[in-house]
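Once you've had a glance at the structure underneath, I'll fire off some questions.
Labels run A, B, C and D following the written order; every chain starts at residue 1.
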């Protein structure tokens, strides 16, 4: 009998599902909104459809991310830190440091060969240290997140963003734009400001190579370049940096099942049913 | 008493911290507030007053306190001041503050001029620990004694002091016995229960506190099973932790808190006072030398960094072994200078004894706890395996 | 939080006095001297802190002090502290701790890791010491923990920690009741320092020389006091901006002839300015007191901004680390060490008697009151540096207490029915918030905005003063 | 002396909204406000045009203009820039001469100003460094809850259940709100909780400069009746709110412009 495992990562901005067979069978990325429970159901449903699987085939499900407790069908909840470590190590075994830049926080994680977490730091008190910073600015400038990275790479004279607070920086950027500072320069400034902050945080870990960037920040080439400059190191980005958390969760699901099998333990699982939930 | 009864009474007293002290005040006793582990409680008890540890409240936002005290004071201490100035401890007759950290020293005037108590005293504890420091500290304790005598209107006799020393030594033995109950795996007494019990004790006259500890010990010994399931065994390293939220969070997430170095725990409760010889001298040794607090500078006698940290933090290693600790959480408040400066050295020490450590900087506010949650959970995942938890 | 990272070099600050202008090169010179001495290896170098009343001992033993607070301040003033602060943070030190210490520890770690000075170190960097003298004063925790933390990176460098307590002010107890045993302890601590330095330098203390040096710094001390009192003149010839320079000989050069000569010069210069009626600002409108807090070293230009609005600072409570010796009620003694210990106690308890006499006063508040009167002060400015509790806790309360006990200012204001009436108001005050050297905590726009509003406040007091 | 026909403009360019007031020697002729939308220069021009249009005056009749607020530097036609502190003091004193403490809940800052009836300042304090304690958080909330900022006040008054909302980061309050809604909390209860938390922060800021009665709440935040009520409950003080609380600084600026003229002082 083939076994299927799923990991679901409910982030503050994106919900991601990975279904695992021997390798990644399928993955789906959807937005997260106020209705986390419903979206969890929806994204899962989509993933199952894509994989042509009935829900009952999924042996074990691990949820992770900011909204991990809001997943009605998850059998076990794990933090993003453990999950990213597993996921990244699976894709890039030589990774020793992970920098995850998400919408709610950013993290630095040090791992060993097997993907075990050795140490970590995270920032989550203030939006100024997270991907949200970029989102807010992009929104102010009226450009989409997808364009942000490329645009900033065109800059020759990055602007200096003097405010840390996201809200004040937003104001500053808007004012500079009105004064005619070119958009790419502003974006480059914003990226280096965030990169500085992230660099400062991860420097608390003794950074070792290879360094892998995950989370939405990994999709932003402007930010990556700034970060690489700050750290003075080469950065690796997985093909799809958003899903390493969900992938790790699925891998952990598999490990749990295998471990249980070895120790002849019967695992409790939740009912495999997608519910309709309406909020707002 | 049944165990549930005991703990529900403890919880009650914990939630109404100070109610017994208020009652005693109404009965005409004098209740003396204090903070930190450096105030010799024996002296207060011997004077006839009842020492009462002033606590903060992590659930209550600091408001009134901020109007007089800068927010760069350690948040725990600000909370203590906030509650005091809001009148929560109006039953106190006085307040004794020691020289423990800049937050305490520099705000001493603010306390003494803003609170309506009729007695204030500052105990100047030396920063270094040498022969001349003991001499000085003895004089300082004698001055404290004279000051208390003046306030209480009666002299403190040597036998009063000796009796108080004995009572506190008993108290510390009982606390030791409570800690013994955490050695089994899973521990028979949860960290949350212990923290509550100790906190309740710090708001009672020492003889009453002794009775309570006896009750708890007896009840817990009669327990057939632990209130917790097996999980990583955690040591909490830090300063004044007078709330249960951190420990509760760890235990909620599947860790078991089995040991600590904190001021409200082993730092203050394990070292005992010599019962023979001159009592003041004995007290000066206990408080200055035996209390292992970063506040007291201890010269590097080893000449190497490794040797120095082994001397300074040896108790951590000993507890880690004794209580079979899997990991430690170093919990330090923002703006706490004595502990803050030791983080790198402590980190190195934990590495040297191969105990994984999580460093948390907290702002003593309930709003911040959510942020600790993910960190603690990840740390527990990091040190615990995946498999053994499932049934 | 505003961040002015890697700010371009700050504009050169204009000083009012020639003496203040000569300080920059002077500091550079003594930092360079430490580097030279390190290279030559003839004299011993010691890390140490200001306000310990131990300079005489070091100088008498020919030990060259490396003032670690000074170096951090230099990094701050050059707007080049950030990289050292970040190093310290990456070691696990919280930025809420004394940033001088963080800067110093970050620098030490870097220098020890490289085995040489970090690249482009400000003024050549801080030399590796032969030993460190920290100070477990009742005054400041970081000064007792800092070198211990630095020692992690240079375990071979020994520390001597001098404990220098003084009795805190208690309203109901005369400090003289207890200072006998304080004095005894401090003397032992200082003698312990002598023994330590003797051991480190393999030299014996020359007590005659020590006595001379103590005498020299006593004379300097009195001279500083006389010089600074000249600033009572209207218009004020020298402000706090300059005093943040002239603090250098007070804090880092005591017990040297040069410090004495410096103040001879400064005194002469001030006397001349007063004779010419020349003020720090051309048109003195407001006289302000810097009532508490170390300055933001990277933003000393703010003093010029104040000046540009007609505000002068004749007095500051910061770095005025002297009190007239003859007014201090301390026992005479021939033993220089005993004298140092008395001077220490006399200095810290200087305002105690006065404070005890005025109901609800307190030494720090008492000092404010005295100086408000002596220097004809119109308003108080304080700086709350987030990372140092020592000098920055209690400020809000001091202002509060001052408002409560000090005579208010009568102002004419429009009352409820529109008629003018006299109300009594406390002295205007302003608290600026940032840090000593962490520039990320500073916002020039905010600060200038606050200064503008404060000047408007002073102006409305000036215009509406009833009598 | 300027001719009697002269008019005086007070322009307050805020980060959220910009306001202008036009006075002549005796009366108020016109006022206008609009959202700032980043381009302060253009906004300032627009306000001038609207004010002239509404007062039926011409540009050359402007005797003096005082600009204030976040974007004051960008009002090209201003003769003078004043801090919003003194403008608030002037403005409030002209409406409520009996007020001694002004609380301005603006978009980026909360400001406390202690004043006398003549518009003199006695003390002041600004919130700083983090937008978590200012009016912006209301805007963020309105956006997540999908309501208009104008509706917040009324809605929150309908709250029946006490929900504690931990304000922290103005940006993250969004995600906190989201998860609280997901947990089943009602919008009105959340808003009431937010108001309480914000009110407590403002109260504590106020205590630091000392409170003297009467108290006026102004600025855009004072248009939020829920916040005003929460403030009265939390602080235990009654407050007065002028009819157009957000216009007060602009009014003060215009008054200063007129004063300047009557004192006959010139030049920038």
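Assume a contact is a pair of C-beta atoms (placed from the backbone, for glycine too) under 8 Å apart; a residue touches a chain by one contact, two chains touch by 3 or more.
Given the structure is predicted, the values throughout are model-derived calculations rather than measurements.
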When C-D is set beside B-C, which has more C-beta pairs in contact?
B-C
Taking each chain's centre as the mean position of its Cα atoms, how many Å separate subunit A from subunit B?
40
Which whole number of Å gives the spacing of the CA centres of subunit B and subunit C?
35
Using CA atom averages as chain centres, what separation in Å is found between subunit A and subunit C?
48
So which stretches of subunit B touch two or more other chains?
67
Going by the contact rule already set, what residues in subunit A reach two or more other chains?
125, 165, 168
On subunit C, where are the residues touching two or more other chains?
1-2, 91-92, 396, 400, 443
May I ask you to sort the chain touch graph into line, ring, star, complete or other?
complete
Partner subunit C, residues of subunit D touching it in the complex
82-83, 85-86, 89, 93, 97-98, 116-126, 128-130, 208, 210
The residues of subunit C that touch subunit B in their complex are 91-94, 96-98, 101, 134, 136-142, 144-146, 148-149, 151-152, 155-156, 158-159, 161, 163, 165, 167-171, 173, 177-178, 181-182, 184-185, 188-189, 192, 360, 362, 364, 384, 386-390, 392-397, 400-401
Could you list, by residue number, the parts of subunit C that touch subunit D in their complex?
1-2, 396, 400, 403, 411-416, 418, 423, 425-426, 428-429, 431, 433, 441, 443, 446, 449-450, 452-454, 456-457, 460-461, 463-464
Quick check on the complex: what are the subunit D residues that touch subunit B?
166-168, 197, 200, 203-204, 207-208
In the complex, subunit A touches subunit C at residues 160-165, 168, 193, 196, 200, 203-204
